[in-house]
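Both of the next two complexes hold subunit A, though its partner changes from subunit B to subunit C.
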Partner chain A sequence: MKRVVGLICVLAFASVPLWLRDPYLLNALITTGIFIIGAMSLNLLLGFTGQLSLGHVAFFGIGAYVSSLTALGFDVGLFGDVHVVHTPWPPIVGFVLAIIVAGCCGYLVGRLSFRVRGAYFVIVTISFAEVVRLVALNWVELTQGPLALNNIPSIAIGLPGMGDLVLRTKLQNYYLVLVVAVIAYVLIARLVHSHYGRAMRGLMENETLAVAVGIDVTRTLTLAAVISAGIAGAAGSLYAHYIRIIDPDIFAFINTVTMVIMVVSGGKGSLAGPVVGGVIFGLLPVVLRPIMPPEAQWISYGCVLILILFVLPRGIVPSLAERLMQVRARIARPVVASSIAKERA
Partner chain B sequence: MNQLLQHLINTLVLGGTYALLGIGLTLIFGIMNVVNFTHGILYTFGAYMMFIVVHQFGINFFLAIPLAIAAGWLLGAAIDFVLLRPLRGSDIDTTMLVMIGAWIAMQSGALWIWGGVAKSISNPFPDAPLVLGPVSVSWVRLFVLAAAALLIVISYGLINRTKLGRAMRATFQDHDTAALMGVNVGWIYTSTFAIGSSLAAAAGALLGPVYVVFPQMGDLAAVKAFAIVILGGLGNITGAVIGGFILALAEELGAGYVSSGYRDAMGFLIIIAVLIVKPTGLFARAERVG
Partner chain C sequence: MTVLAPARDIALSVEQVGVQFGGLVALSGLNFVVGEGEIVSLIGPNGAGKTTAFNIMTGFLDPTKGTVKYRGTGLNGLKPHQVADLGLIRTFQRTSVFPRDTVFDNVLIGLHRQGRVPLLDALLGLPRARSSERAQRERAAELIRWVGLEARANDLAGSLSYGEQRLVGVALALAAQPSMLLLDEPVSGMNASETHSFVELIRSIRDRGVTILLVEHDMPMVMSVSDRIVVLNYGRIIAEGPPDAIRNDPAVIEAYLGQGAQRA
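Showing the complex of A and B:
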């Protein structure tokens, strides 16, 4: 049943470019899709291990920079005369490297910051993202600093016998993002339903108890952090090769907040939550743009976040699921009542 | 050597206002267990109040500072009433996200009302700096240091000598027992948030005339305040004061001897280092939970 629903959703998303011809909306959908991938990776940490990482944009940005620098090449002087020179590699290699490097950063951050919990974990992750942003801003030789990395090549996929397929148009990028999003979704779903996933949820519910039954806390949390960071890195790489220009503003805190809003509004700890929340909040600016100035847009963004936390603290998907359960129970109840009555009789 | 002396003087001036920011946040964080992302906005708000009172109402500079602090107190009380009161007892992540929402909305509001162009506040002090041998310091900065020191002493007195302060300390130690002893914990929370907010506004009102005023000025201030709280240990006011001066010193030395681009990275590096090496803060007395 769930598979059928999933397949229908994927087909519905895949059919969008067939009836949607507006390039502006398609562009909004592509960036939204990229942020949904980021939100899904954040949900793995926030929804399934209970750790709120507010530095998630660091992995996204690291992925973007690694991928672009791999594709563009660089020449950096270290300690005076020693030069590290890198000649450009195909962007698809950059995409893979982005996942690997972001995953390694996830490992480091996880090992170091899972010593603290709650508010302290949040503050460490924010600090990490800000340090990375300042490095990207100040290491001009490598990152061009505020001048931004320009002319990032589009991702090209080598097809056997047909040469390279360069994904340059919006249509092609839409399907690329969709494919990566589906892979990320399936990967997260498999992980969550494995015994690692059960260990993660056990930790979230009651850490002391989880430790007592033999769950290795640091190992489980670090695994989640690595996979989460890797997926965020993939999203960052897609972003860089689609937008084709990146600057240190990619590390802005507001990007993390966007992902957090997507997860929290859709429902943390629900696989479909980030997708639902992402579609709503990704397209909200498109709706608001014609009717209000940008500052007012951000004000309503903040207010909507507060409202959702007050009204639907668990998110849209879990609340709807609960409502559905209640309706089912109401339909089922008379049957149960009558069967009990029969037994008594 | 002369350069070092100059850095130390700058540290003193900067450290005083950092300490104010830190005391405000450590009170809120320690007593209410709220990760207050609006702290930076209160700092910005204090600076803008200063600008409005001095330049639009034409009121005396020295009178403007207490007015800005009072405005910060009112805004803090309002935030607590509207946003935090209904969320008492909910988990820390929820209140944190609500505070992030409030921060985004209020910062964009500031941008909308006052525009993105930086504004400067004129001050009644002479332009020529006070020169003491090899070092020089402007009069307005000296005034900022003195005012910050006075406010730190007032906060100390408030926490350690008054009935309200005793109730706040009791609530910090154990809010259930404090409630059983007749402390109105709900009002203590509101007062704590208002006092903490007014201290942030005070820091903004004092530093506003030294630098320039713009809507995003509070973002870094908020992170610095977090660094100070973590350095000093949760709810520890002495720790926050020392932490404020340590952060100012690290920034001055980092900017002077490493690279000015990394000045603002110092706070973050301190946060990461302290939480990894000694998560309870450098001057912790109370055991940290969670």
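Showing the complex of A and C:
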């Protein structure tokens, strides 16, 4: 049942460019899609381990910079005469490296901060994002600082017998983002439904009990941080190769806040939550722009957010799922405990 | 005090364990052993140090002095999850469940130790991960039947009665494949018939080769189920032996009922 719904959703998203020809809207959908991937990765930490990463954009930005620098090449002087020179590699290699490097950063931040959790983790992640932003701003030789890295090449995919397919158009990028989003979604779904995910949920709900049945806290949480950071890095790489220019503003706090809003409004701890929240809050500015002046847009944005959280405090997806369950329970009570009954038979 | 050696292999041995919280001596010179396959109860008035002893035996607390060994491995310095990996699993007095998950999912979380598959297998949904997942679900259903909660399998653990939550806690602990189970006041909050069936459950667990250490206040229950009883008061062992001997031990009667009881 869930698979059918998922497949229908994917097909629906895949059909959008067939009837939507407006490049402005398609552009909004692509950037929204990229942020949804970021939000899904944030949800893995916030929704399934209960750890709020308010510096999540650091992993996103690191992914973007690693991928761009891999594709552009650089020549950086270290300690006097020593120069590190990198000749450009294909962007697809940058995409893979972005995931690996962001994942490693996730490991470091996770190891450092999961000894003491909660507020401490929030502070470490914010600080980490700020430090990375300052490095990107000031290490001009590597990152061009505020001058930005530009002319970042588009991602190209080698097709057997047909040479490289360069994903330059909006249409191609739309499908690229969709494919990466689906892969990220499936990976996160598999993870949270495996014993790794159950360990995360156990730790979130009752840590004392969880360790007593043999769940390793540091290992479980670090794993979540690594995978979350890796996926955020992938999103950052897609962003860099699509926008084709990045500057240190990519590390702005507002980008993290956008992801947090997507997760919290859609429903943290639900797989579909960030997608639903992301579509709403990613496209809301686009919808509001033609109908009201700029100052009113953000007020409306805030009002919609407050309204959603007021009416559906646990987020859209979990709250609606709960109501659906209640309705179903009223219709068919005896279905409960069927899984056990089946095994008995 | 001499340690009564049980007539079987030693599973758990507590050697000269002392714990101090600042100036407060919670335990001192604690010395006892639990044999393989035994049911041993640790009793004593409130504040006698039972839970502290439990925390030491499961890695939640390191002793100030002495050591605890399980099947020859010293537990000092091990983290709780490492102790659990040795097969020493505990339940809790309060908060014995994952309240926002169903009973079935609770037990699945408890199966963590058995369900380990490589990360890549899990992420890619390879056959090994799938068959392990199926096996875990079957095992969970089996454990839920064992503790008698099949009717509540799909209810949220937090919505269950106290007594039922205790049973979920036991099912969770059993899911972790214990070779020794430490039960912290498992029947508190249960009514008489629930307690009775719980005693049957404890026996059936032991019959499958699991050693059991019990902390409990319910004296009739302790007397009926235990092979041996260790009595603590003010952080020290004041008596140790089979239920009949403990029942008539003057030191125990005094600790529980006060000195007036002896005159009466």
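We adopt the following convention: the second predicted complex is superposed on the first by the 311 of 345 C-alpha atoms of A that agree within 3 Å, B and C clash if a C-alpha of one lies under 4 Å from a C-alpha of the other, contacts with A are read in each partner's own complex, and residues count from 1 in each chain.
Operating definition for what follows: a contact is a pair of C-beta atoms (placed from the backbone, for glycine too) under 8 Å apart; a residue touches a chain by one contact, two chains touch by 3 or more.
Quick caveat: nothing in here was measured; it's all calculated off a predicted structure.
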First (subunit B), second (subunit C), both or neither touched by A:L209: second
Touching A:R198 in the superposition: subunit B (first), subunit C (second), both, neither? second
Count the residues of subunit A touched by subunit B and by subunit C, then name the partner with the higher count. B
Contact-wise, after the overlay, does A:L223 reach subunit B, subunit C, both or neither (first, second, both, neither)? second
Looking at the overlay, does A:I34 come into contact with subunit B only (first), subunit C only (second), both, or neither? neither
For A:P313, using the defined touch cut-off, is the partner it touches subunit B, subunit C, both, or neither? Pick first, second, both or neither. first
Going by the contact rule set out at the top, does A:L52 touch subunit B (first), subunit C (second), both, or neither? first
In the overlaid three-chain picture, which partner chain does A:A184 touch, first (subunit B) or second (subunit C), both, or neither? neither
Intersection of subunit A residues contacting subunit B with those contacting subunit C? none
Residues of subunit C that touch subunit A when the two form their complex: 58, 60, 79-81, 84-85, 89-92, 95-101, 104-105, 108-113, 115-117, 119, 122-125, 129, 133, 136, 138, 141, 144-145, 150-155, 169, 172-173, 175-176
Within their complex, state which residues of subunit A touch subunit C. 187, 190-191, 194-196, 198-199, 201-202, 205-206, 208-217, 223, 336-340, 343-344
Show me the residue ranges of subunit A that touch subunit B in the complex, using the header's touch definition. 52, 112-113, 115-120, 122-124, 126-128, 130-131, 134-135, 137-138, 253-254, 257, 260, 264, 293, 295-299, 301-306, 309-310, 313
Can you name the residues of subunit B that touch subunit A in the complex? 29, 33, 35, 83, 86-87, 90, 92-94, 96-98, 100-109, 111-112, 219, 223, 226-227, 230, 259, 261-262, 264-265, 267-269, 271-272, 275-276, 279, 288, 290
